[in-house]
Amino acid sequence: DTIIYARPQDADSLDAHKVSTTISFQVMQQVYNTLFSLDDKGGIHPGMAEKWQVSDDGLTYRFTMRDGVMCHDGSTFDAAAAKWNFDRVTSPETASPNGSSYGEVASTAVEGKDLIVTLKAAYSPLPAFLGGVLSIMMCPSAIQGEDVTAVGTGPWKYVSWDRNNELVLERNEGYKNVHPLIKNPGAPYMKRLVFKTIPEGPARMAALRSGEATFAEPSLADAAELKNDPEYKVYTAPLSGQQAYVAFAHKIPPFDDPRARRAVGYAIDRNACVDIGFQGLVEASACPIAPGLVGHDGAKCEEWGTTYDPDKAKEILAELGYGLDKPLKAIFSVSQLQGWDECHVIIQQQLKEVGIEAEIETRQFAAWVDHMSKVNDMTEGTPTIWTMGMSGVDPDYLVFLWQRPGYANQGIEDATLDGMLREQRALTGEARTAKLLDIQRFLLENGYEIPLFSPGWFWLSASKSNVDGFIQIQVAMPLFNDVQIKE
Amino acid sequence: MTAARPAAGAPLLEVRDLAMHFPVRRGLLQRTVGHVRAVDGISFALAEGETLGLVGESGCGKSTVGGLILRLLEPTAGSVLVRGRDIAHLGRGELKPFRREVQMVFQDPYASLDPRQSAGAMVAEPFAIHSLAARGEIRDQVARLFDRVGLRREHMQRYPHEFSGGQRQRLSIARALALNPRLIVADEPVSALDVSIQAQVINLMTTLQRELGLAYLFISHDIAVIGHISQRIAVMYLGKLVEIAPRATLLAGPLHPYTEMLLNAVPIPNPRLKRKHQRAVASEVPSPLNPPTGCRFHTRCPLAEARCRSAEPVLREVRPRHHVACHLR
Amino acid sequence: MAADTVRPILSIRDLRVTFQGGLGLAAAVDGVSCELQRGETLAVVGESGCGKSVTALSILRLIPSPPGRIAGGAIEFDGRDLLALAPEELYAVRGNAISMIFQEPMTSLNPVLSIGTQLTEGLIFHKRLGIREARERTVEMLRLVQIPDPEARLAQYAHQLSGGMRQRVMIAMALACEPRVLIADEPTTALDVTIQRQILDLMVELKERLGTAIILITHDLGVVAEMADRVAVMYAGKIIEQAPVDGLFDHPRHPYTRGLMAALPRLDRLSASGEEGRLNEMPGLVPSIYAMPPGCAFAPRCPFATSQCHAEEPAFEELSPGHYAACWEAGRLP
Amino acid sequence: MTNYIIRRFIVAVAILFASIIGVSLLIHVVPGDPVIMMIAQNSNPSPEQIENMRKALGLDRPVWEQTVIYLGKVLSGDLGRSIFGSQSVAMLLFDRLPNTLALAAAAMVIATGIGLPLGFFAAYRQGTWIDSVLMVGAVLGVSIPQFWLGLILLLFFSLTLEWLPVASGDYRSLLLPAVTLGVTYSAIIARMTRSAMIEVFTEDFIRTARAKGLPEALVLRRHALKPSLIAVVTIIAVVFGYLMGGAVVVENVFAWNGIGRIALESINRRDYPMIQGFILVFATVIVLISILIDLAYAWLDPRITYR
Amino acid sequence: MAATAPPYDPTNVAAEELPRTRWWRRTARNRSIWLGGVLIAVLAIVALLAPVLAPYDPTKLAAGKRLSPPSWEHAFGTDEFGRDIFSRVIHGTQLTLYVGVVAVGIGLLAGAAIGIGAGYAGGWVQAVLMRGVDFLYTFPDILIALGLVAFLGPSLTNAMVAVGISVVPYYARVTYSVVLVERNKPYFEAATAIGAGWPRLVVRHLLPNIVPPLIVVATLGFSAAVLSAAALSFLGLGAQPPAPEWGKMLADGRNYIARAPWILVFPGLAIVVTVLGFNILGDGIRDVLDPRQRREVR
């Protein structure tokens, strides 16, 4: 009656306002809840809040709290508690990495069961974000000074934590589920949930095989094998919201020319990456917006963007004065991650076939960001191609990426694009979707982004086949409410 | 030869009030916790072509005197004058020519030869350092030196471990001779050798002296050897000179009780002369770290009186050319 | 003393010790025979490298092996062949019935064990004494060798003692089990005359008290003259002359022994005459054991050598009662 | 002696300070910063929000100022809090340090436990085929990557034999990581022991001990071992630091909960206070070990005295 | 015995020869030199002739079926991309030798220089240098590597420099202890007495006497250097994919340890053989360098 989930790293903290790493959220998702919940199409459903209303100017939101949401310490999670979360996470002192998902909050107020939030600028993705793990809400009693005690409203209660070793949760007996993707209406079936840290891949596999772990993240090597083994199940986070892509230091010639960028796009066979690099366990994805999010439209993206066509790539390159005999020399700047490494080698090979000699340069992620920030701003130097990935519960991350300066300075200095990115925030429904498609069309036609695949990180897990009911929602969050182990 | 231009009338070597106190450093910060008074104020002179024997017990400071004369050590006090010129003030450039005048044969013939250098290379080294010979001629010069000390030319290819003790000592001598010095400080050159080899080396040294007009400061603890080779003998005890006199005078009539003891202790190779000497009491040489007050010998002296414990005797000339440092003489 | 009437305590017969060197197999000791009587002091002299130490080490089977090997002969101690003993029997002899003092007092004591430990372990092992008794006995021994304040010394280490004291500790260690034979390999070479004097005195005294037979290895003829009853002269792995001490000094029969005596700088003669002169040197060197000449090994350096000497090895013959020498020309020497 | 130890400590503290200052300067010039890592995975803040986060963490100040502030805090006994999740650096490190020390100590015990006798034996049989085999073994020992040996052992003992859990986190699972680490260093120690022993075997005092009639085993154990340990201890001192460093790899393989893992993670994401704290602890251990080793010298070799 | 003895010469220990001839003879007779030399020579040839010797292009994807075990077509099997491991190992020789030799070289040279400087000069120079070594010793190699990327940028060479720097304390301490022993030996003083200046003292007298123990230490350091250079590859240091550097092949293949062990075994064996070769050769060189031909210090 215990679920043991073996992961390569441990959570940093259980303070939902202070950390934003997936590995931390995986735990917090169990202990805390969100105001809303999302279904597999991106539809917004009640969570701790029942419903919301937004003013016509899109600046004032009224959230109505659901009755009887109980914290693990017995207190009630009400509008005041929600306000406390809003206030703390958006306060500059908190230095929260998650503040951005709340939009630019001007003020908050409580009116009976309602929380009223006033924004400085329209921010239509707010309800969606409030259904995502980034906007997890803690009970105010969780924070005493600098210490965190993980008091939440979620299906699991915090028991103990031996950092870097194991984090133990037990089921919240009084839990009432409203999440649309969870079938179990009450408390989880299993009694305990233990997150165990086992850094080395083969060791995690050993733990899974020996039964020491119920779930483990296998290495790709093992996953492919397990997939064909009836004794095991492999899970691949279909709703991850993750999107991997190739992009360019687009100010350095020749990649300041859309033709050159698209040539790279034609040279790359994303299916080879998926089949060889990822052993067929992920999906090729041609859109800047990840599958499962609003605005993703695979067919349109393929039309606007590039698909594998080496001859066309060669043709364009010849136009630009490059060829197999006079290759374009470039740097392929990447950071290390399983599956991606293999993919990089494959891309390198494919580029070579059309006359681009890209030298792989691996960096530690932090150093990679720093390096790219510089390279993306340069107008001359070695042509640089790079890979990155982005995830979210809402496509609003396009702003973060492409509005200048953009993450690691990749933002494009283009007024049209900036305008579209700003506008989509004020739109809702069909209008927003259309705007998002426009943005993607712009990015693809200009070859700024060459989407590769989805998902890309923290997406793989496996269990024995007698384990049932495990699901993964947006941002690769696992849910254990329905999990049952057959004897 | 620019350095050490002879000052008129100055002896080849003069040592004045020479003292060497080794700081005893301990611990990580290497703080000085005391001094080994290895040499504690000695004076003597050595003429051109003369041999002065320096005798004394192990650890009394003989090798230290040698090191000071070659300026391998910086003295705590006093001066060493070579032809009237104080070597303490020689700068870097002047030191080299000085090295050509004074050379040393080291105490341990094996340890003082670089185990990884062939004999030829070793003897050639001084030529190279002092640019005494053109590159092509060095080999000839070395060969000539080998002849001179009685080594065969083929020996140039050998390494020190392939030589016998006597040959090693010859090698050291050849190396010292390479610079054509006027004075050789020979630090126990024969004490590691057995009698037949010892005779060979001593004979070699006397021959060289006769032929080249060398002066020797001959250090040994074997008074029989010293007696054989020296014209004058100086006796050291715990960093001090206690007696210095011409050979015959000293051997015939030692004045210092320590010299007497030393002479007495030498076994005579004649079984019929088994002497009825009094049993020596096991007495230890005091530590130079903490030498006795007064006369340093008083702890072992059969004749010691009260004043020996308090007052330090000075070296006086009690008979012509016979100096001794003892209250009782 | 009639040597042949008493059974010797130690007798070496035709001992041959070889070393496997980089240049081939060589005999460091080649057919050495000699006997040691009870209570006697036998001095062994000879040039460096002639095999004195190897002979001594062979008695206790301490030859480093490889490269050394006792290739032949017999060593009988009190009627038992030491070379045939099983390891346990050998251990019981070493340091107990026969003990040894080495040339280098500086390095022959273990620098990291206390004097007490090193002195008592032999007693504990051989005499099965308890620690307390062993310590008492040790203190007694140290007192005997005139070490001041012996109790305090037990806790000290070798480096805290002077050279003379170290050698005395070595002697105390060798004598602790009251051995019947003491082998002293150049016990005073590393020491000064004044200290040497003390050590020699001590050995004489101990010998008188305990009746120990001594093999004294040295190249100092002065020491020989003072200490020995009988002398064996070695050259190139063989004994070439053996005689009572007076006989040897009065009338050496082998040219090598003569050369040795002549080469000595002698204080007694010097101080009398006061004149300096050349020492009589023997030309040449001891032959390398890897390249032994045929015939008499000394022939290449011998002023009296004849063609016979270069071709045939001379026999070891008794020339006068108790005086043996191996020289073709012994009878004809001036 | 006390005096000496006190002086050693003063120098040690000076080195620690130098290390802290050195590492503080170093980590700030290394590309990448913690804020980037905080937002790397899921959040997408605006540039102003990023600036705010930097300010809140004090990262907007000049490097020297941050270093001085940090030093001030260290002097008042505060090692700060992790940028990621704000747990106390001191608490976490001191909580984990015993694990790493236990691992390092166990590895050292195994390394010496294997290396010493093997080196001893090889020296005793110098030049024979046994000696050669042991030398090849030593080469194998240093050439096998630790992660490889570790994984093989892990898979063998936990999957094939089912004797040990993959990650129990308790002292049962100290064995395999310690063996893994120990094997590498046992090879080095074996070689050092061998050469030290060979030198000691030629010493006169060994002959003295034999001449005393002591059985060969006793001669070796009592007379030859201790003097050769002096050389071995030197190499142990040098090896210990590398062993602490090597612990990072092995802690990962065996999920052993030591400071090595914290180090790697903190460095990867530029968790400055954590890195600084780690270096402080790591350097302290290293410096203390070298003091201990020096004291061990004095214990092994009475000729060495410190005053 | 007498019949076969050579003509007698009392001082003739060995026939006198020119030093060079003797050196060559000693070298030629040394079994370790032969064995180690042949091993290293084979490696060098493999390194140089890799394109000729390797049956496949080492970076060509899908040269064979993915993850196929050793077979006739693929002697060492194939990796996860279907690349031929045999060809990769062969092509990796040059790169790996380069990594190991340069990293060890840097550590050894810098360490020896510091050790010699400290041991020779003594006094405050010694204090400063050795405290500096202690200081360096408190930095884990990963931090040193990061600092280096910061200043020099990522590259294989910088990885080797980083590994080299991180082992400097090791070599410095070993050298220092040897130098202390040597410089207090009388031959050193004797050389001073004939007027040798410090360059000569260090180069002619100190170096030849400290090289042999360092050879031993350095040959053991080779594999450690290759493995740690590989461990740093994720920092952007070290060989970059798809370069077939052995250490990197080992590091990348670790997830296949159970499924396709040959991916790890063959590069691992290659490292072992190389280290063994260097070790044996080092032993031989040490013997040859030592005119006494003692086989003591290892």
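Quick notes
For clarity, chains are labelled A, B, C, D and E in written order, and residue numbers in each chain start from 1.
Keep this in mind: contacts are C-beta pairs under 8 Å (C-beta built on N, C-alpha and C of every residue); 3 or more make two chains touch, one makes a residue touch a chain.
Keep in mind it's a predicted model, so treat the numbers as computed, not measured.
Chains making contact with subunit C as well as with subunit E: B, D. With centres defined by CA atoms alone, the chain at the far end from subunit C is A. Taking the mean of C-alpha positions as each chain's centre, the chain lying farthest from the centre of subunit B is A.
Across the two candidate interfaces, D-E and A-E, the one carrying more C-beta contacts is D-E. Rounded to whole angstrom units, the spacing between the C-alpha centres of subunit C and subunit D is 53. Between subunit B and subunit C, the centres computed from C-alpha atoms are 31 Å apart. As a whole-number value, the distance joining the C-alpha centres of subunit A and subunit B reads 86 Å.
Within subunit C, the positions touching two or more other chains are listed as 285-286. The multi-chain contact residues of subunit A, meaning those touching 2 or more other chains, are 200, 202, 364, 367-368. Of all residues in subunit B, those touching 2 or more other chains are 167, listed in ascending order. Contact residues of subunit E toward subunit A in the complex are 59, 61-62, 66, 80-81, 146, 149, 154, 233-236, 240-242, 252, 254-260. Residues 11, 14-16, 18-19, 22-23, 26-27, 29-31, 126-127, 135-136, 138-140, 142-148, 151-152, 155, 187-188, 191, 194-195, 198-199, 202, 234, 237-238, 241-242, 245, 248-249, 263-264, 267, 275, 279, 282-283, 286-287, 290 of subunit D are the ones that touch subunit E when the two sit in their complex. Chain contact summary for the complex, subunit B toward subunit E: residues 67, 70, 72, 95-96, 99-100, 103-104, 106-108, 111-118, 120, 125-126, 129-130, 152, 154-155, 157-159, 161-162, 167, 172, 175-176, 178-179. Residues of subunit D that touch subunit A in their complex: 30-47, 49, 52-53, 55-57, 81-82, 84-88, 92, 95-96, 147, 150-151, 154-155, 158-159, 162, 165-167, 169, 252-255, 257, 261-262, 265, 268-270. Against subunit C, in their complex, subunit B makes its touches with residues 57-58, 164-167, 193-200, 202-203, 206, 221-225, 227-229, 247-248, 251-252, 261-274, 277, 279-282, 284-285.
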